[in-house]
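See the structures that follow.
In what comes next, chain A is part of two complexes: it sits with chain B in the first one and with chain C in the second one.
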Partner chain A sequence: MSAISLSGLAKSYRDVPVVKGVDLDIAEGEFVVLVGPSGCGKSTLLKMIAGLEELSAGDIRIAGRSVVDLAPAERELAMVFQSYALYPHMTVAGNIGFALRIAGLPRAEIDRRVRAAAATVKLEGLLDRYPRALSGGQRQRVAIARALARQPKVLLFDEPLSNLDAALRQETRVEIARLHKALKATILYVTHDQVEAMTLADRIVLMNNGRIEQAGTPLDLYERPATLFVARFLGTPAINLFGAARMGLPGAATVGIRPEHLLLEDATHPGGLAARVEFVEELGDVRLIHLLTEADEKIVAKQPAGSPWQAGQSVRVSWRTEHLHRFDLAGQRLDDAPEQRPEKAA
Partner chain B sequence: MRRRFDHRLPLAAIALAFFALPILYLASLSFKTKDDVLSGAFLPGTVTLANWAQAFEAAPLSTFTVNSVTVALLSGLLTVLITVPAAYAVLRLRYGWQRLSDVTLSSFMAPPIVAIIPLFYLLKGAGLLNTVAGLVLVYGMVNVPVAYWLITPFLRRVPVELEQAAELDGAGPLRRLVSIVLPLIAPGLAATGLIVTILAYNEFLFASVFTFGNETRTLPVGISLFQGDRLVNFGQMAAASLTGIVPVYLVALFLQRFLVQGLAHGGIK
Partner chain C sequence: MPMRERHAFSSPRDAGEGFILKETTMALGYAADALTTPEFDADGFRRLGRFLLRPLWLAPVACALIVTTLYPFVFLVALSLSKSSLGKPFRAFAGLKNYALALGDGEFIASLLRTVAYALLSSAIQVAAGLALALLLFTLLKGGRFLLSLFLLPLMTPPVMVGVAWKLILAPAGGLLNGTLLRLGLVDEPVSFLGSAALAWASIALADLWQWTPFVAILCFAALSSLPEGVDDAARLDGAGPFERFWYITLPLIAAPLAAIFLIKLIFAFKLFDLTYILTYGGPGFATTTTGFSIFRLSMQQFEVARAAAETLIFAALIGLVTLPVVRLHRALERREA
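Our next item is the complex of A and B:
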């Protein structure tokens, strides 16, 4: 049985559709990341599941039971908000135990569960502090502990790391991954950060314009993007796109190739596209070579550290056909070419 | 080390003089003899305590004061008790007509005198004419628009996510209001309560029409009684006025930190 099952989920605000018929099944213990650009409807979808937004159409089942007519608290899920949403006038213990007090649990049980939740996210020493006396990372951990204390069937995360600085974001990301492994909780996690999506997810659900564009494992989406949108959205730097006609590939409208799959050769080398190195970004472990082709296309190649390319240099750019992603006029992926010989394009 | 002269001091002194002068003049007046009052000098020629003694003899000032304080506190409480749940229901629970917030103050803009006749008959019908309870009821109601207008920004500033989190935690609307919203808008609540209390304390028109016995009169009405038919007893009136000012000044003095904080910051960061 699925932990969460969404069917035909839709939401409109005054006739403006925001979520347009979403079907999705999430298995028990699965970590699913909803990712997509701002305004794609992913946060709205999460709030609909939580019961904080009303549905225009569709059904939500949690552990097999329809929850559409249930109040948020009765859906057996907990949510971690982007802004943490900690109660500023309550201590850490007060925040974590608020739901338990409302549920009327005995004091000893509340105390035990608050301590257990705090220990899970390493907050033991901070139970008497107020949120204002905590750092951003600590506040985020309180928000997670508050969600865990309720022992929900499903944990929802709404862009939980977006208020943290880069270093803390990575640290907390690892902690969330560890937590998921330890608790085997079903998690639905919303983010617009593709790195978070790629590193945390068992399965990524990429949304665009209120619809699911593609769902699959992170590598599935990266290596076989179903649409041009998915290909563009995942990957840093973004995929390089060319008109297919110019590349001599009939049937396709657009061809894409990831920066790490571009091969650079000396200008004297035969074959490939002629291009000039515009500038080089040194990232330490890799170098990003920004190129301008003869047809004025800007492309980026990811090269290992120590590669010899310098700004102003003329080069030839080539690739293996197996690394090409071909899309039709509507932006849909075309099946891979029957022949995928490891040869360089002419 | 010599402290440098702060150039803001003279400005502060001028502002202080501007606001304090009427009060100081009132104080001086209360210690003047009748002849001195007519001379128009700022300081009394002969200092006398007679006005103070006579003021308390001529009218039951202490009863007036107790009435005023009772009416102000109870009506302030009533206003807040009506306004806070109402504003919360309209703004947060989206009950009722959503444009209400924009037009609330309009009822306060109408001259109060237009309400006198209907209110008079309503109070008479309810048997509350010439009672402290009647005044509490009237002030408690007429100050609702001001309180609504004052409390609205505080309510709006409570992050929606906090209430959503509380909703997920199982808190119903009343629990959310009491456990989450009220503690967060406490400074605004205090400021609002204080302002409507002071408004009620200072009100004259309704009190002068709806009360007509010394046992129910409030201080502003009591002070106005020192004005005789031919002669205005300025010295006694000044003494009575100062007596009336004291409670409000004490409240403002001790709670001004609350008042300024509440009105300036909105309570939530």
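Our next item is the complex of A and C:
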């Protein structure tokens, strides 16, 4: 049985549809990341599941039970908010134990569960502090502990790392991954950050404009993007796109190739596209070679450290056929046909 | 000889009582430096000049304070210690005789008690009512700001007009309220709302409530708007119902502004005058004579300005005594949040 099952979920504000019919099944223990550009409806979707937003249409089942008519607290899920939403007038222990206090649990039991939840996220020493006396990362951990204390069936995360600085974000990301492994909890996690999505998810659900664009494992989405949108959304630097006609690939409208799949040779080499190196970004472990083709297309190639390319140099760009992503006029992926002509540009 | 270290600017925090004294000492210090230090050069004199200009910036505030606060206060204290009438003030020194008279006057003491009781009670009721109204607006329509501006209407009505309007509403003969009650058959004969002590107080409180609750509601609305984002949603997910959310989350979080609102309303309530003047003129008997009203009668009708001055100072001290705990409470609540 799936932990969460969404069918035909839709939401409109007045006449403006925000979520346009979402179907999704999340297995028990699965870590699903909802990702998409801002305004794509992912946060609204999460709030609908949490019960903080009314549905316009559709059904939500948690552990097989329809929860549409249930109050947020009765849905047996917990949520970690982007702003943490800690109760500023309560201590860490008070924050973590609030739900249990409301539920009327005996004090000893509350105390035990608060300590257990705090230990999970290493907050033991801070139970008597107030949120104002905590760092951003500690607040984040209190928010997670508060969610854990209720022993929910499902954990919802709403952009939990967006208020942390880069270093802390990385650290907390690993912490959340570890937590998921340890607790085997079902997690639905919303973010607009593709790195979080790629690293955390068992399965990524990429949303665009109120609909699911593609759902699958991170590598699925990266290696076989179902649409042009998915191809463009995942990967840094972004995928290089060419008009297919220029590439001599009939049937397709657009062809994409990832920067790490571009092969560079010096200008004397036969075949490939002629291009000039505009400038080079040195990242230490890799070099990003920014190129300008003869047709004025800007493309980026990812090359290993120590590769010889310098700004101003003329090069030939080529690739292997199996690395090409082909899309039709509507931006849908065309299945890899076997008859492509290799490496020769028009 | 090295110049003594001085800071050219003090922080605003310093602008308290010790400020003038400190400024003066510093100016004297500069002057002393100028006279005794051979190295005190042109630059030093420029600094001294700039420094001497500084009091000029304080002058407007100082003047305003002297005219509006210091002078009346000194005048009042002098008056209360003198033998005076409205026409002939300061005829002789009377010592504390006026204070003794005031404190020996049962009716004055009674008016003080009445005023304090009314201020505390009416303010509490109005803050509760205002908060309820603000909560309603806040939950019903998040864009309730338009309705909120309508709320300002009673506030924009001059207090005397409020009094007159309510006097017409409450009038026994042909008043709106009595007419309605009679038509509905709730009473057999017109009620004299302003004729009995309890009803007269209730009438004043009602008019007061009508005039001030919207103002309190607007302040409460502002306090509610400052609640941290997501906290209410988090409490909903934690299983707290509407009442629990109010009691455990909202109320503690707006306690500090609420105390401040109560304090403001309390001070307004102590100044209650127009409504008693128009509606009851302190009656029936002395039943609704507040201290402010009794002081007005003493000074303006009996011309006993000296005793009125003494009573005013006693009243002021009492207001301070009553509001002090509220100020303390507000500070404590605010510290908790900082």
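We take it that the second predicted complex is superposed on the first by the 338 of 346 C-alpha atoms of A that agree within 3 Å, B and C clash if a C-alpha of one lies under 4 Å from a C-alpha of the other, contacts with A are read in each partner's own complex, and residues count from 1 in each chain.
Note that in this section a contact is a pair of C-beta atoms (placed from the backbone, for glycine too) under 8 Å apart; a residue touches a chain by one contact, two chains touch by 3 or more.
All figures in this text were calculated on a predicted structure; none of them were measured in a lab.
Model built by superposing both complexes on chain A: chain B and chain C clash. Contacts of A:Tyr13 after superposition: neither chain B nor chain C is touched.
In the overlay built on the shared chain, the residue A:Tyr87 is in contact with chain B and with chain C.
In the superposed pair of complexes, A:Phe279 makes contact with neither chain B nor chain C.
Once chain A of one complex is fitted onto chain A of the other, the partner contacts of A:Ala50 extend to both chain B and chain C.
Applying the stated touch rule to the two superposed structures, the overlap between the chain B and chain C interfaces on chain A comprises residues 50-52, 71-73, 77-79, 81-83, 85, 87-89, 98-99, 102-103, 146, 150.
Residues 50-52, 71-74, 77-79, 81-89, 98-99, 102-103, 132, 146, 150 of chain A are the ones that touch chain C when the two sit in their complex.
Of all residues in chain C, only 228-231, 233-240, 244, 248-249, 252-253, 336-338 touch chain A in the complex they form. By the touch rule above, chain A contacts chain B in their complex via residues 47, 50-52, 71-73, 77-79, 81-83, 85, 87-89, 98-99, 102-103, 146, 150. Those residues of chain B that touch chain A in the shared complex are 159, 161-162, 164-171, 175, 179-180, 183-184, 268.
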